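Presented sequentially are two complexes of chain A, the first with chain B as partner and the second with chain C.
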Partner chain A sequence: MKILHPAQLNNFIERLAKAWEVRLPVLLPDGTRVIGSPGDGPPALHGGAVMGKPTSAFFPHHGTLFTSDGGKLEGPQNPDLPLFVLGFTPRDLACLRFIDRFFADGLCDDVYFRRRNNALVAGLSGLCGPGGIMIPPAGGGCDLEFFCDGSCWLVIPYSDGGREVSAGLSDPALPTSVELFRQAALSQPDEQEELLRRASELLRADRVPDHFWAEIGDRCIACTGCNLACPTCTCFGVQDWRSAQKTERSRMWDSCQLDGFMREASGHNPLGSEALRSRRRIHHKLAADPEKWGEISCFLCGRCDAVCPTGIGMVAVAREMVARFG
Partner chain B sequence: MTDSPCHSSLYLPFECEIVSVTDLTPGEKLFRVRRKDGAPLGHLPGQFVQLSLLGYGEAPISVASSPTRDGLFELGVRRAGTLTGALHRMNAGDTIGIRGPFGRPFDLPRLRGQDLVLISGGCGLAPMRSLIQYCEDRPDEFGTIAILYGAKNRANTLFKEDLAAWQSSARFACSLTVDNSSDDQCYSGNVGLITALIPPLAFVPEKTIAVIVGPPPMYRAVIDELKKLRLPAGRIVLSLERQMRCGVGKCGHCTIEHLYCCQDGPVFWLNEIEHLRGAV
Partner chain C sequence: MKRTLTVCPYCGTGCMFYLVSDGGKLVGVEPSVTHPVSRGGLCVKGWNAFAFVHHPERLTTPLVRRDGVLQPASWDEALDLVVTGLQAVQEKHGSDAVMFASSAKATNEENYLLMKLARAVFGTNNIDHCARLCHSSTVTGLAETFGSGAMTNSISCIDETDVILVIGSNTTEQHPLIGSRILNAVQNGTGLIVADNRRIRLARHAALHLRHKNGSDVALLNGIMHVIIAEGLVDEEFVATRTENYAAQAAAVAEWTPEKAAAATGLEAGEIVAAARLFAGAKRAMILYSMGITQHSHGVDNVRCVAALAMLTGNVGRPGTGVNPLRGQNNVQGGCDMGALPDLYSGYQKVADPLVRDRFARAWGVPSLPAAPGLPLTRAMNAASEGRLQALFVMGENPMLSDPDQGHARKVLEGLELLVVQDIFLTETAALADIVLPAACYAEKEGTFTNTERRVQRARKAVESPGTARADWEIICDIALRAGYRGMCYHDPREVMDEIASLTPLYGGIAYDRLDPHGLQWPCPDRNHPGTPLLHLEHFTRGLGHFSPARYRLPAELPDDRYPFVLTTGRTYFHWHTGSMTRRSHLLDREEPRSFIEIHPDDAARLGVRDHDRLQVASRRGEVQTEARVTTMVVPGVLFMPFHFAEGAANALTNNALDPESSIPEFKVCAVRVERVP
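Entry: the complex of A and B
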């Protein structure tokens, strides 16, 4: 374990940026806190999970699949430098682990792994949550973790890469461990995890009637904010962009809340109503993914509940489902 | 730090040349295609490819020919949008992109030795044609084969020459119907839904497998008729149409609950999916 004083943070990032393409929580001039490049604004490690999905570092909103210049096809370029991404809370790290599995399974998605391979992922925990509340440490699942002890960052490496980038930092004056914080968090029952588990059981037992989804669908305004903020939402559309010089085929995040998401050329639409689309959004995370992957694919990062203008994010819907049918 | 092995470029199409273009109906054409590197496509009946036109994007298209035929493959394509519209303007000698073949094919090991009832409607005859040709080329591997096909009308009937050949072949019992013949005074064949062709079939459920490929509304009605003849769900095969944007199980557009139609399907046994919401 190493220690990083807040006054050393900018120097540490500057040194990192010589060998890595650094992404970290920064404050934009308009006050928005995002995971961005060091030049986008001052570091803003405090404040908990950043609202944009952190997995976008590897699965960006818009990503090139290939370009054609005079008929010659070229795949996307590898990043000039490997990525160093700081800002994953423990729940975000669970999301990243899930989509790593998703993109590696079956036919391996080389476009995703061009950015993901060789990247260093850094977790963020400790007394840096919203209002300074404690985010329990992840204790692994990343290359290194930045744990705020209230005055300094304890930097805990978990991989060779993590040890390498933190090697130049000082050792703490006293032997320190964050394991007690992790154990303390684990010993507390998580009410929201229990809620999702119960909602998942209801869905898998087919105990949620169609009229419930019609009610949820009536409240959906199809803004797609839930999907765009969710770190485990990986759906995308594919499109070509033509210019005089070249054609680019790219993929862009898509949303299952849009009417055209599944509409086929024939006009047949398996998700042809807001009720069906709302059910799909929740069912996919709580019932379909457990069937396919053996685990619920919502890790309670809270983003969809925070961004939904009509209050039908994952936890809100699960809570209503369990209250009415549980 | 992760190091997942990706052995190939998942989204890069390979080049193919259109060898010939044939009109099937006023809105559908058959494209005979070969890989420019001379390699066979390497498909099995029931699989599809992602057809790629630069500047227009990609679309999933079923392979309409059997791998038992020559090194070329055929795609029957309905003009339905900008990409297929652009394809319909192409000619022999033009270049297209292809990715694939993708998806789960018809379960040939389980079909072998069985009597087959091959039921298709509209464009569904394209993927079914691949299986029919396969059966035609390997006649000793299968029992009796009944082909049922329904189209909107005679003008919209696909593969007319093939159908005529199958009707006159001793290998097949081939029945056709059209939904409507009111504009066609010369038509003297069956008129009505394809479900009307099923009750006269005399098959032994224990040694028969039915394969259905057609427009979504056709499935439930055909399945009901087959079940009346005591054919169990474990002996009914479906090939499902979904909007497959990537073909490789990543884009999420073709999910049926936990299944990805492009990778887990498009061919399913009915008992694998009949309990899934929205499957049929």
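Entry: the complex of A and C
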């Protein structure tokens, strides 16, 4: 374990940026926090999970798949430098683990792994949650973790890459462990996790009637924000842009809340109503993914609840569902 | 990676977001979490606002028509041709033979500059923009009743109100981040009255959904006011101290008993009574309206009634109340504020006022400015067909698809001596032009946009424009210089705003260094003024609020035996106006790929029409083919069609019947017949 004083942070980032394409939580001019480049604004490690998919460094909103120029095919460019992405809370890391597995499944998603392989992922935990509350440490699942002890960052490497980048930092004066914090958190019941578990049971027991989904569907304005903010949503659309001799195929984040996206090539749409699509958004994560992947694929990062303009993100819906049918 | 804070190019809600760019290319959008309107959310158009910017069909070089074909040309050649062409027309036919169409998609600075170009350089007041087609009725109606033709309150007032009346606005689709706010308010107990005969999403949440006949708004509102007066629900104190001409209003609605209003609107008398009681019974009630009120041959009367209803119940000048016209385009408020209007300079200062004229002439360094108001856009087509107008300069508009009676519009545009179009794509209108000037889009330039709640916000350049395309403001200034005018040389739009502020009391305190992060609401008269979230607090802008009673008039064209259906037009959630941007955004176009027409299941059954059948729709002006969407969104006898699509263009059918005062066309009502294409 190493220690990083807040005053050393900028230097540390500058040094890193020589060998890595660095992404970290930054404060944008209007107070929005995102995972961005150091030039976007001052580092803003405090405040908990940032808005926007933390995984967008690997799976961007819009990215080229290939171009064909006069018949010559070219894949997407590999990043000039490998990525160093800081800012994953433990819940975000769970999301990353989930989509790593998803993109690796079957035909491995080359475009994702061009950016993901060789990347270093750094977690963020400790007394740096919203309003300074404690985010229990992940204890793994990343290359290194930045844990805020209230005044300094304890930097805990978990991989060779993590050890390498933190090697230049000084050692803490006293031997410390953050494991206690993790254990303490594990022993506490998590109200939201419990809520999701109960909502998942309700869905799997088919105890949520259709009229509930009709009500939720009526409140969805199909903005797609929930999907576009969710780190475990991996759906994308594909577009071709053709000019005289050049074709560019790219992909962009897409959303199961949209009718056209769910329409099959035949023109048929098995989820042709807002009610069914709203049901699917929740059902997929709480009932279908547990069947396929053995776990609920919402890790309670909170983004869909924050981004939804009408207040029907995952936790809000789960809460209403459990209150009414639980 | 770079993040650039800017304003959404689509609707007047004015959400702000960050454009994310990488290596000079846009790769996504991130909402602003702290923005007072969008608050970390966006609608589907905002989330996809980057998607059209690098489209391969962007215009990259000026085009000049040679031998009947548009061919690439240099900027020098194209701009010289523009200037000599306009001057030649003016020499031959007089100053007012040219007209400038400005754009509600261009910035405030650009709208100001185009109106300066028209007036100071080319000596004509023939300048207008598409506000003529959307809220000209508001500008006229609210100026007369309140003294200011803009939203009286702020969007955040939706959180503080007890009852919301939404009339003629499909808010969740057209102003989604305002619509979602209404949905939230309803969840928290706010009462909602929706007056709209389509079963829009908001209607599903409404305590009362009034599906009154198209074009019967005056009857409905007069009926509601009748009940309020008859049942003693008037805010007597407000009426006595803040308004004038109440007696005339009361007299005018006296005959509008619920029964009479019911007969005219097709509603039950009880529905009208219930709406009156719910609205007038609320401590704070708010009216939101949009094109369903304005786009009628009696649009100004509709607005007068809306204003009267608010005054009658004392719902002006307090948080959670007000008359709130939702402006459509991201800068249609600004286009009006900047005086891209035939009778007004920036800040609604009258062209007809010699003192005002004199002040502008001195500031602009010209001996005089034209005194007679110019042509409204909707009268330009007729002026052109009569030969009074010979040249049209269009900046960022597409009248071929957006104007009523497309067949007529095409004939007129083709017959012009000179048509210049400045745009980002080769639109249906640009395809007819003699000269096409490639412009930078919103992501490629600096400037300000003013949203529907009068919030002036900064748009910023995130990427370079394609090829040799230039920002509208640069092109306009270059034209001025080539025409021999030296008073339009600016380093950047910031300097233009300083000039605007110096000549426009409403914007007197607006300056770039004050607009971060999320703008200022006008009126903002001086540099120390914090902006004005609520208008008409102690007194109306005009002093006393003026009741202007309105007489009920039927729409200009009603169904008959030959054309038995009412056609009403509008937009869909996924597209923007004539689709030049959204139809080139993959995801948006995929969601709504084709022209369609909504038809009620009963009508469909009668005509043997099934969902997705091809239909032939004909009006007195034209006919188009489109696809049937059989749905209870519409009532029997009424059809709805969006106007985004060049193939199956709704405006081939619509009627250019104009409101006599605002010159707005009656997009919301015309008569058509429909049959299955065998």
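Please note the rule applied: the second predicted complex is superposed on the first by the 319 of 326 C-alpha atoms of A that agree within 3 Å, B and C clash if a C-alpha of one lies under 4 Å from a C-alpha of the other, contacts with A are read in each partner's own complex, and residues count from 1 in each chain.
Heads up, the rule we're going with is that a residue touches a chain if its C-beta (ideal position, glycine included) is under 8 Å from a C-beta of that chain, and two chains touch if they have at least 3 such contacts.
Because the structure is predicted, anything quoted here is derived from the model rather than measured.
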Checklist entry - Touching A:Asp92, do we find chain B (first), chain C (second), both, or neither? => result neither
Next on the checklist: Looking at A:Gly52 after the superposition, I want to know if it touches chain B, chain C, both of them or none. Which is it: first, second, both, neither?
Outcome noted: second
Checklist entry - Which partner does A:Arg116 reach: the first (chain B), the second (chain C), both, or neither? => result first
Checklist entry - After lining up the shared chain so the two structures overlap, which partner does A:Asp143 touch, if you call chain B first and chain C second: first, second, both or neither? => result first
Checklist entry - Of the two partner chains, chain B (first) and chain C (second), which one does A:Phe261 touch, if any: first, second, both, or neither? => result both
Checklist entry - A:Gln239 contacts which: chain B (first), chain C (second), both, neither? => result both
Checklist outcome for this item: Chosen between chain B and chain C, the partner touching more chain A residues is B
Checklist entry - Is A:Asp305 contacted by the first partner chain B, the second partner chain C, both or neither? => result neither
Next on the checklist: Looking at A:Pro60 after the superposition, I want to know if it touches chain B, chain C, both of them or none. Which is it: first, second, both, neither?
Outcome noted: second
Checklist entry - chain A residues touched by both chain B and chain C? => result 237, 239, 242, 254, 261
Checklist entry - Considering the complex alone, what residue numbers of chain A touch chain C? => result 23, 28-34, 36-37, 39-40, 51-52, 56, 60-63, 218-219, 221-225, 228, 237, 239, 241-243, 246, 252-254, 258-261, 306-311
Next on the checklist: Applying the document's contact rule, which stretches of chain C touch chain A when the two form their complex?
Outcome noted: 1-3, 5, 16, 18, 20, 22, 26-35, 39-44, 46-47, 50-51, 55-56, 172-173, 176-177, 179-181, 183-184, 187, 201, 204-205, 516-518, 573, 586-587, 590-593
Checklist outcome for this item: Seen from chain B, its contact residues with chain A in the complex are 1-13, 52, 54-59, 78, 80-81, 84, 95, 215-216, 241-243, 245-246, 248-259, 263, 277-278
Next on the checklist: Under the definition above, what is the set of chain A residues touching chain B in their complex?
Outcome noted: 65-66, 68, 71, 73, 75, 100, 102-111, 113, 116-121, 143, 159-161, 234-240, 242, 247, 249, 251, 254, 256, 261-266, 268, 270-271, 276, 279-280, 283-284, 287-289, 291-292
